[in-house]
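Note that the chains take the letters A, B, C and D in the order they are written out, and that residue 1 is the start of every chain.
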Amino acid sequence: MFAVEDLSAAYGPVKALNGVTFTASRGQVTAVLGANGAGKTTLLRTVSGLVRSTRGSVQLDGKDITRTATEKLTSYGLAHVPEGRGVIAELTVVENLRLGGLHRSTGSEPMPIERIFELFPRLGERRDATAHQLSGGERQMLVIGRALMARPSVLLLDEPSLGLAPRVVAQIFDLLRGLVQTEELTVVLVEQNARSALSIADHGVVLNLGKVVASAPAAELAADEQLRHAYLGF
Amino acid sequence: MRTTARRAVQVVCVLTTASLLAACGAGKERPSEEGTAVGVTDTTIKVGAHFPLTGPAAPGYSEIPSGHQAFYEYVNDAGGVHGRKIEMVVKDDAYNPTNTSAVTNDMILQDEIFAMVAGLGTPTHRAVVQRLNDDGIPDLFVSSGSLQWGDNPETSPMTFGWQPDYEIEGKVIGQYVAENMPDAKVGLFLQDDDFGEDGEKGARQFLDSQIVDVQKYTPGGSTDFSPQMSSFKSKGVDLVIGFNTPSYTALSQIAAQGVGFKSKWFYSNVGSDPALVGGLLASMTKGKIPAEQGVKLMDGMMTTEYIPGVDAPDDEWVKLWQKVWDSYSKKGSEKLTNYRIYGMSQAYTFVQALQANGKDLTRESIVETIEKEGASFEGPGLAPFRFSEDSHMGISGVSVVEIKNGASEPLTPVLVTDIGDAPIEEDDSAASDAPPSSGIPE
Amino acid sequence: MQQFLDTTLGGLVLGAVYAAFALALCLIWRSTRIVNFAQAAMAMVTTYIALTLINADVPYWVAFVAAIAAGFGLGAVIERVIIRPVEGKAELNAVILTLGLFMVLHGLTAITFGVQHRGFPAPVSTNAIAVGDSSIGITPFGILTIVVVAVVMAGLVVLFRFTDLGLRMRAAAFNGEVSRLLGVRVGRMLTLGWALAAAVGAVAGMLIAGGDLVNPAFMDPFVIYGFIAAVLGGLDSPLGSVIGGLILGLSLSYVTGYIGEHLAPLVALGILMVVLLVRPSGLFAAAAARRV
Amino acid sequence: MERLRSLLRPVTSVPLARHLIVALVALLVVMAVIGMSSQYLQTRYAEMAYFAIAAGGLTLLTGLSGQLSLGHGALMAVGAYAATLVLERTGGESLADVFVALLVAIGVCAVVGVVVGVPAARLHGPYIAGATLTLAVAVPRLANQWDVLGGEQGLQVPVPRASELPAWIQDLIWFFTAVEIDQYSFLAYLGWLLLALTFVALANLSRSRVGRRWRAVRDDDVSAELAGIHLGRARVVAFTVSAMCAGLAGGLMAMNVRLTAPGAFTITLSLTLLAAVVLGGLGSLTGALIGAGVLAFLPHFATDLGESFGLSATQAAEVTPVVYGLVLMLVILLAPAGIVGSLRPFLARLSATSALGSTKEKTT
């Protein structure tokens, strides 16, 4: 179980997060939705310690990881896939994946790279290409695959659909859905593309100006027309 | 307006602070030019000199001032010259002419020296000759053999040379080589300034047709002379004549070995001290060869000599220097070297000039004294000085020697000559001068 | 012909040293996007440490290792204490900072060890190798120089290509934030990068000093020549640095041998400007064009 | 007082007039100070003047247009050689010879400034640093290439004898300072006069449209380009102006040192100039003046200090570069705005609380 409680953060005088609370359950996809600037990315960055929290806590399976150094989070089983397809462009596909497996959650077995290539056959075909040669969709596969190499229990995904063709988005979301079941993952999916996100999510959290304005099962949110118009843009 | 005012205040503050700071550290009133000579009191004479205490020319040369200072202390303890004690200011110029200009400025304006004595180096001293002569400051016994100190007393009336100039040294070397090694293919290794130029001028009088290659170096520049030695090698040079400072003797030897260039070597007196060069060579070669073995690397090299050195411990002059050094060296552990002997020999000449000048000492009188009496000064030099109203050139001759086991063995008697096409003649007369028993010139 | 051969061999040895030095600059550039103008002074300091040991009768190779260790420590300390605050800040700051460091190290060495020229021994002969009656313009020490640089180069290739540590270091250099998210201790990797670079610089210093005179300014030409060699190779590429070093070494050796030593810096400047203006990403850069 | 101010306002509101007033006042003070100083101090003041001119040009370049130059030592060398060659040919006896020589030095450096500035405008950060550093090493070596430049031992510089100056100048100086002008004071007066003129010109330039463009380029080159500023041209002009200052400084340096030789123009000279402008605060002319003062007077104190700590003379001489290096490092680490920049808020607070603060002028 992954829980965020009363989490707040600020950039200088500007409050970016203001008392955000939600929980994400194991084996489920929790979508964090909201307009541009609502604080979605800041939420993930604060959880990872890239942005310092001013208040509140983050718990992973009952352990407080609020002030844990960013570098140590992978050993707790937390994987953060950053926005903008954070591949390391100068490294090859295999090197990116190897890097992902270097710092695993404590006590876990190394993940064979071949397992990732089974999940993403496309990556297997391009294993020796440097990452900057990959297409957008391939990069997204690579960062997810790289995160999986650390055998995480919680996967934080930041805007995986950004800039991808709808067909590719659907493909990636399908894969994600499958992974949640086979790997017993807790997924926190930050998305601006609310419609696609809700289509695979179990639960949804809507942020506006750094505050939670709604938290409900995905189907419920998708059905709330007013909410959709006000915050989700569809 | 307020900005203007503030700006003005800022600027004025900066200036005032600067001048105040400067005043407390360096503030001395300008010297009174009238009456007694600057730098001379009834009990003291203050002289100054620039030496390369650091930089590529420092090995060896930096020891010269300690020779001066030891001899002056010896003289001072015996009551000084006409009741005046000699004080010497030594400033480092790192063999960089621009620094020479700066430190000379300091010595003239801040230390207020009476005279420059033994300022070292051709390119360095050249930078301040004009200045010293313009200001009427005696510039005595320059530690360099360039012609310019003495060949034109009209433009530089205050400047005097001391050691044999490079042109006569080049002539003697040239004649020796032409007579004894007429088939040698000669390469010249020259410092790229008047030092190398004067030496080349002398050598070419006899060797013009034998010289097949000329290579130059810049002091303070690269220390790798492989390209120069490669050039000698490819041109078939089998005798190198070097007008260079001691470090460059060592570096040229290393580079020659590095490119497999084998040759006879003939270094000008300036760059040939076996003890120093041998020590440098030993420290640069494989492992830890003791300095004595480094000295062996110098065996068979030829050079010239114009004052007795440490390899002649029985010479009366060297005995005197040893006695002075043993009692007056600042650090007892340091040995007497040829460079210290050089310094003491120069100091001897300066004391001689002061003695001859008499009690009434002015900047003009010392110059006059040396012009009138300098040619008859008896000292350690193997040949007499050429000082007169028409020439301020120093010692007039050298002998050619070969280095064996760190000592020099004469190959010729003392050969005396002058610049231009003056003939080269044997003259051992000055070589038999002996020091007075007090060790202080009368 | 003989002279050409000798000059070429001399150029290769010189180039090997430039290559080692450029490699050090490249390592630092890769890890922190800083050109370390103090690299030469750092190498000079470690060489003096080795000289002090050698003069105290410590065997040459022990002193050699000590110089490398000293370089490693010096690099790490400098990164941690001095460079860390300007990482990722305006480029000008790092440039000025490393230039200041250059002057400080220079002066402190001069004060501590003195400014006089001192002979520095070579571990093997510096006499030309004889072939029959004649000899060729390379010495055992020259060959040793080339071998040592090749070993260092190979070691770095192995480290970066085939080890996890090397992978971490590269990742940290290319993208610090992503690397942190993947569990890489980026700060440590940057420190390690500087330490390794300074160790490589220390090796270069020992190779330059061998069989020569040293003084606190003896590495000064490398401030510019090392930089030019690294830029020739593209700053980012270790292999490029080595090739850049060799090209520069050969060029300067020919210039010195056939025209005159004083023109060497001018030719170097010409090479640098041509590369920067015509092929800004260096002769061998694989990555996209860089902004110069 | 208030009336006086309002009377003066038409004058002081014009930047040029304002700068001229400051310069004139400062110059009078300086003349008095120089006149009362010993010959030794006069040589220090002369040195401070040419360092300040070079530092002024450099601070303008780095502070206003954001380009770094470690090659100003080389540009000073160009100016020094140009001036020396002219003085050698004209004999350098008269005041006119001196000014011709300095004008030629400035002109030659302007040309060199363009030649260097054009490629430099395309470089940034470490690349321009490395390239200009190479320039600093390479240019002085040209002296070894052409015999006319005198090789390693350099060229002697003839300078006018004070007694050959026009009578009215001798009278004027005597009238102001009650001391006869001599060689040393002449060079100090000349240096400070030219320094005042240079700073007025630079201050004016930086307040002008040209200066605003440079700042725009420094702060954000992309926006500046979008706003229609020709980036390359702005940078080249800045570099050229800066080079002209270095040329003038080099010419003055030649006359003061009385020798122009490559050994004077070391990497250390270029780094020293950088230290001066960084210490004073990039972009600040007052800062450049302070930095130049440090350059002219610090070596003496640092060496004395070193000797009082038991260092030998040669070791003590190394204290100065250590101080310069520390200055560079500490300023970057602790006070990136330099002395003047760091004091500015303090000064502003002082003046805000002062009762005189009736008009508030915008200082940029």
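Just so we're on the same page, a residue touches a chain if its C-beta (ideal position, glycine included) is under 8 Å from a C-beta of that chain, and two chains touch if they have at least 3 such contacts.
Here's who's who by UniProt: A = ABC transporter ATP-binding protein; B = ABC transporter substrate-binding protein; C, D = Branched-chain amino acid ABC transporter permease.
Computed from a prediction, not measured in an experiment: that's the story for all the values here.
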Central chain of the complex, centres being mean CA coordinates: C
Inter-centroid spacing, subunit D versus subunit B (mean Cα positions, whole Å): 38
Subunit B and subunit C, separation of their C-alpha mean positions in angstrom: 39
Centre-of-Cα separation between subunit D and subunit A, whole angstrom: 57
Centre-to-centre distance between subunit B and subunit A (centres being mean Cα positions), rounded to whole Å: 79
Multi-chain contact residues (two or more partners), subunit B: 54, 218
For subunit D, residues that touch 2 or more chains besides their own: 144, 314
Residue list for subunit A, restricted to those that touch at least two other chains: none
Contacting chain pairs - touch in the sense defined above: A-C, B-C, B-D, C-D
Subunit C contact footprint on subunit B (complex, rising order): 54-56, 58-59, 62, 94, 217-218, 221-224, 226-227, 230-231, 233-234, 247, 250-251, 254, 257-261, 279-288
Residues of subunit C that touch subunit B when the two form their complex: 2-3, 6-7, 10, 14, 54, 57, 60, 115-130, 134-137, 139, 142, 211-213, 215, 218, 221, 253, 256-257, 261-262, 264
Subunit D - residues contacting subunit B, complex: 5, 8-9, 12, 18, 21-22, 25-26, 29-30, 33, 37-41, 43-44, 48, 144, 151-154, 156, 184, 257-259, 261, 263-264, 286, 289-290, 293, 296-297, 300-301, 304, 313-314, 317, 347, 351, 356-357, 359, 361, 363
Complex contacts: residues of subunit A adjacent to subunit C: 48, 50, 70-75, 79-80, 82, 86-91, 95, 98-100, 102-103, 132, 146, 150
Subunit D partner contacts - residues on subunit C that touch it in the complex: 34-35, 37, 82, 85-86, 91-97, 99-108, 110-111, 114-115, 220-221, 223-224, 227-228, 231, 260, 262-266, 268-269, 272-273, 276-277, 291-292
